[in-house]
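Two complexes, one shared chain (chain A), two partners (chain B, chain C).
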Partner chain A sequence: MKSPLPADGEKIGHFVSAAPFDPLSIETLNTEQKDYYLASQKRLMWWKFKLHKVAVGCAIFLGIMYVSVLFSEFLAPYNLNNRHIRHIYQPPQSVHLFHEGEFIGPFVYDTTYGLDMETLKREYPEDRSHIYKLKFFCEGDSYQFWGLFEANRHLFCVDKPGTVFLLGTDRLGRDMLSRIIYGTRISLTIGLIGVAISFVLGLVIGGLAGYYGGWVDLVVQRIIEVLQSIPSIPLWLAIAAIIPVNWSPVLVYFAISIVLALLDWTGLARAVRSKLLSLREEDYVLAAELQGASPQRIIGRHLIPGFMSHLIASATLTIPNMILGETALSFLGLGLRPPVTSWGVLLNEAQNINVVVIYPWLIIPVIPVVLVILAFNFMGDGLRDAADPYS
Partner chain B sequence: MFRYVLFRLATAVPTLILISMLIFTIIELPPGNYFETYLAEQEALGETVDPAKIEFMKETYGFDKPVVERYFDWVVGMLHGDFGYSFEYELPVTEVIGSRVYLTMLVSFVTIVFTWLVAFPIGVYSATHKYSWGDYGLTFVGLLGLATPNFLLALILMYLANRWFGISIGHLMDQQYLGEPMSWDKFVSILQHLIIPVIVIGTAGTAAMIRRLRANLLDELQKQYVITARAKGVPPFRALVKYPLRMSLNFFIADIGSILPSVISGAEVVAIVLSLETTGPLLIRALKSQDMYLAGSFLMILAVLTVIGVLISDIALTLLDPRIRLSGGRTR
Partner chain C sequence: MTTDLASEPILQREHVPVAGRDLLRVENLSIAIKTHKFELNVVKNASFRVPAGKTVALVGESGSGKSIIAQAIMGILPGAARITSGSILFRDPAMDQLEFDHAAERPDGIYMQSMRGSRISMIFQEPMTSLSPIHKVGDQIEEALTLHHKVSRKEARQTTIEMLGRVGFPDPARAYDMYSMELSGGLRQRAMIAMALICRPALLIADEPTTALDVTVQAQVLGLLKRAQQFLNMSMLLITHDLGVVANMADEVVVIYHGNILESGDVRTIFKEPGHPYTRALMAAVPDLATPCDERLKALREVDHVVPDMLYARERPKGDGPLLSVSHVSKTYKVRESSWLSSSSKPFLALDDVSLKVRRGECLGIVGESGCGKSTLSKLIMRALTADNGDITFHGAKGDIDVMTAKGEALKTYRRCAQFVFQDPFGSLTPRATILNLLMEPLEIHGIGTAQSRRKMAGDLVRMVGLDETVLNRYPHSFSGGQRQRISIARSLALAPELLICDEPVSALDVSVQAQILNLLNALRREIGLTMLFISHNLAVVRYIADRIAVMRKGRIVEIADRDSLFANPIHPYTQALLNAVPNTDPDSPLDFSVPDMEIQDVEMLWEEKYRCWSMPSPDTRLREVSDRHWVLSNA
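Moving on to the complex of A and B:
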């Protein structure tokens, strides 16, 4: 048997291929894989988020809601405080398509006002002799659009003296649908402002605790523990009770969002702190340190981008808490006050069960609250999953 | 073990001190005090108030003293069981609150038991029947429960109960038992009225717990030892109950700490909607009228209850989990 080794003293056979070296000759990447490996963090998140169909649907829904906030005046058939004295506590009017078997298109019947002398309840039976066709992009109540120019176009309305109250009217004869549309503006934005404040608070306080450690960390940990161990709604109520009654609505609005943020930053601060503590030990941080990067640069350039997507995802999940908090406070009469109109303020009218039983349409603002909160939860879940692109 | 319990007790003290400072600051912050509000109100009604009486009250309750001194008076008083004086009811706070605190405790306790009883089987079912129709359905119902704020749920339930059964479901007992000493009939009446509030308050906590139990149990079921046990022929039920379920039990106890504050704050709001005879409606009245001792002592009692609840859950956890018992470390 011939030994693979050459005999003593002879040269060892040697071969070098002249062909150019291709490191991927065995395992070639197709374009799809190449894209995947070269994609940025944001694109990876987007791809992963797209797979979560429910979350995408919710994101679109929320997007529409937030865009509608810009056009509340146009979308609402009536103005926020426009009173219809002949239509107090009118139940929702239904939209019909056929009149006596004949197709007319969407229209509402006229209503007449009557008082049930036995129960003293206001009644609004339909008067089938008059029909009012729904008109689109028609002229109605005039309003200041964005405070810039006068306008009077509405998405839909009917000719006067007809009325269209799709969700009924309240105790002053104001259209509920319009009020809910206007309320969206306040309810949705207060959550965003609150989250922005609590985001900054959480980032700064958690960052300090995580970076400095030691007694700063200890104090921050204690404070977080204290804030988390007090039942939040009673505390919110107590802080909201401080807000002076004579403040202007705008001031109250900002004060409430600060109150909400003051108790909400603890979760974010904890997340920032623990992430900082663990990421500080990573090799790339050591490498940056060895190259002489300042702590400021390490935190801002290397550490925070590493978990920013996570933070944004978890911040999304706290927006519904804020919206709920505002609704609860206003519902109990310690949050926003009329003339500011949010969903919570609208629900304040439905606080009394007797009112709700007689005029059930007053609890309709519950529906947008639940829908928006569900949507935020689903979207937040999707974002959180997507923030971990390699898992 | 003993050392750990001592350690936990010792850490609860600074927490309580910080809480008391925070609460005192909050009730001190509003400009003016109860007397000014009261005077203004009476004047608006066209009535006169004897200034001597106001002066006497102010002196008795130390409104002329510096803030720090009043804080210490308040804390020392609470340690002696004296929670101050409610100006609005003109009664000591203990008498105003009295039985209401017990009712709040009762509602919270029953709610937590309800949460466990419901969340446990559903969570186990969802985890063992992952991605089945049952799992999806229960997850969706859970999310809905999580998203509906409990006071709105209370409103909706009240409306439906009134609509379908023609009954009103407010209050915590039949009105004839109000203010009566505890008796069997009263107890039964309270139990009947408890059902709705407990469901309303417990829904969100239950939903959250189901989600966490499902996730935990799923993690646990994928671990090597479960696969080994199954491979060696341990029947599925036993392979589920013997170890993975025990592991998730730990977390059940540990979770009280996080759901108790939300249960108590939920109980407050729902109490206002359902007009339960617990602390909720009183608290909000006290806050609105700046009846500061009443409001402050209230908040303090709620916070103490929460801290004690968390303490008990931590200690129970050490009994259950040898890892904590032996290392003497902290759980969270």
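Moving on to the complex of A and C:
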């Protein structure tokens, strides 16, 4: 019979394919498969992460944010504490390209100061007679770059006496954009220090609970439950209140990260514990045990590599909590205090609803908070999906 | 089965298939699966048919594409797979002369939805996970009916109970209100079959329906499927790799390998005069109860092995007493039964007063169905569990070790002398370690050799199991099941143990790979004089490899004898039942499906009184020697 398929409803004949039998064909791999099967775990994770386009975009965004932390002085048009007493509560200036129908390139108009005598509101109408072109890599306020040398180059600025306040100014006439750029430095790094501490705490405490089980597990579980049941803001307030007022801003900064970390390890400890419990049931752990491996070896060689990637992914998801915690504490005036500048400290200015109604640009530091937290969450999701490349 | 189902309104609608027309014709079907790196053609130009009222078996190894063809017919292909060409023509007798092409229909369209579970239904391999644990069995079966037919509640319940009775539930009305966890594996598979048959499908796709079941249950379920097919006049597409099942069930056979159909024909033709070299190799590779035990099996893929010198040179125990003696060992598990008011635990006796001796250099086989305690026994011997009472003593080259109480150095020495091969080659290798790390690990733990000599040893070990030294840098996920099991064996032999315990080492592997592993184990055993404890539920496999065989049931050894004596003259009724339930690959000697098909609660009642050791325990229950070295459990 020529075909394996007999005619409709006919009796079946005997079909034997002419194809030879190659016993190894099912085991031989083509080059792409070989590539895939020979890849290490890290490479597989990278391939899987790359598929998650949003996560990759967020990772790039966060990368840019963190790199910017190194160059805050250069990126900000003005210095952190440079006051412009003639420009108090000035609203954001807009960048124009065309002046009277003619293309000029990016420039801002001059502003004049006036007081609305009815509302007593400061007003800064544009004075269209003067234009100030934006200049790039220009000289402006001088600063100590990385504490190493004096510099005065900025990414952009305008000639004096013109001003460029793209996000407006605050109560003391300081440029909001510059302050947000400087605030990024503190707000983004406080999360990392906090997460590093809570990572260690979570790993050790969760690991002990998961590996020893029994009463250790019981005690740890109850402590976690108690910690998680306390309303977080009052607890922060209580602990933050302990920090002596006369400490230097840097010390306060570390103290705040430790406070946040001390309360944040619980989620991670739970993740470690449950992962350990489930991995302990795997055959390969029993196999190592039956070879005579010691507990340290089993944990170090067989268990931890199995869930490290998960841990990193879940740690990424806790960084936003840290950032939010710092923002909340500083907003309430109990976290960082001026002259240290973080996004939370900036938002402290926007506590008064009257101020926010009249000078709405003071609330702008919320935008970077939201963006960074969303980015961390999306990236964490992508990492978590990639963490188990074999599924 | 005397009830006249014709009186049932739902089941009355009979559609007689049109003569001269196949029910299902798959023509030139190709399916590709896309991964993010490459697209694989998993089915290549496959054509076959399923005639009305007949059974067609699709036979192939894992990865041959047989399950994906079934998914394509049902319209449930996974998202990564797509049909690249061909057609799947289904002619439902209930739809007159119409013909639908399932390759062209939308999988979520009205036609496919009304077809799935109603005119074509499917039963899966794993009865443990196919039923929802939170709904009553009856409700789940009834749902399949009410989804496709307008029936009153009462009518639906009536039909469901009727169907439960038909698939062999002893008390169908009670079974309706039970939950799946209250049922045994065999009963769950029956419930699945009831669910698949409740709408009287024209085609039943059975994907490895009995692979997860014990042999005696398998025989009953196969009998049930055969009767249901005759009664409902339906066709069946049977997907399996078990040639014994094929020979007993199929009318036509289609052999598929790597996505290509290599042979098809009448069942008798295929088994009597297989035409394609692959079919012939497949048949020769599977041991059955008639395979000569001293010949090598003809594996599809032979493995050359080179035994490293250090395995020859290892210390061997002196004297000729037993290597391992297990005496009067019992083990109970506590089964927690908790309600929201109280929790109590009732003990479950997994091993009951088991004694056996393993002689030096022999291979002792342990056979039994799931839950008989064979794995518990192996774990006790490996000290992965501790027995309630009894003694286990290992008489090794380094003196006697009391396995149950050994600690510290003594336990470490024991670990070096006794090694274990797991059933599941996918779970027993750490996924994040390279093969080199895996093979060097036992040597590192026991401080054997230097870093350099360990590396060399790892190379010797992979060559011993027929792999190339280049695999050392690869990760376990890049190997097939058979290759992984070979790596497991290599690892277990790294310490040159005196005793090797293999717990179902070939059950998770394809039949085509089984022969390769069995040959390897057999050769290693002969060449280095290894003592082995080989645990399996497959009688043919145990018969091939073991010198002496112990049969276990419900925590006890019921019969223990030399291989030839046991197979020539099985005495205990349980051993006889096991032997009779093994399907033969000869279509001319089919299984006896006339045995009572009810899941009999107390099968012991059919036995001679002196063998009823569980229902009628007596202080005199013990193994008795009936002939030379042939012991049988009895009360008198």
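Rule of thumb we're sticking to: the second predicted complex is superposed on the first by the 362 of 391 C-alpha atoms of A that agree within 3 Å, B and C clash if a C-alpha of one lies under 4 Å from a C-alpha of the other, contacts with A are read in each partner's own complex, and residues count from 1 in each chain.
By definition in this document, a contact is a pair of C-beta atoms (placed from the backbone, for glycine too) under 8 Å apart; a residue touches a chain by one contact, two chains touch by 3 or more.
Since we're looking at a predicted model, the values are computed, not measured.
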{"item": "Chain B versus chain C as contact partner of A:N377, first or second or both or neither", "value": "first"}
{"item": "First (chain B), second (chain C), both or neither touched by A:F149", "value": "neither"}
{"item": "Partner chain(s) touched by A:F103 [first = chain B, second = chain C, both, neither]", "value": "neither"}
{"item": "Which superposed partner A:S229 touches (first chain B, second chain C, both, neither)", "value": "first"}
{"item": "Which superposed partner A:W215 touches (first chain B, second chain C, both, neither)", "value": "neither"}
{"item": "First, second, both or neither for A:L334, with chain B first and chain C second", "value": "first"}
{"item": "First (chain B), second (chain C), both or neither touched by A:L38", "value": "second"}
{"item": "Touching residues on chain A, where the partner in the complex is chain B", "value": "222-223, 225-226, 228-235, 237-239, 241-242, 244, 320, 324, 327-328, 331-334, 347, 350-351, 353, 356-357, 360, 363, 366, 369-370, 373-374, 377-378"}
{"item": "Residue numbers on chain C that touch chain A, as the complex places them", "value": "19-22, 25-27, 35-38, 40, 46-49, 51, 61, 63-64, 252, 254, 257-258, 260-266, 269-270, 273, 275-278, 281, 300-301, 382, 384, 411-412, 415-416, 419-420, 422, 424, 427-433, 437, 441-442, 445-446, 474-475, 477-478, 480, 483, 488, 491, 495"}
{"item": "For the chain A and chain C complex, residues of the former touching the latter", "value": "1, 3-6, 8-9, 12-17, 19-21, 23-27, 30, 32-33, 35-38, 40-41, 47-48, 51, 282-284, 286-294, 297, 301-302, 305-306, 390"}
{"item": "Interfacial residue positions of chain B with respect to chain A in the complex", "value": "14-15, 18-19, 22-23, 26-27, 29-31, 143-144, 146-149, 151-152, 155-156, 158-159, 162-163, 168, 170, 261-262, 264-266, 268-269, 272-273, 283-284, 287-288, 290, 295, 298-299, 302-303, 306-307, 310"}
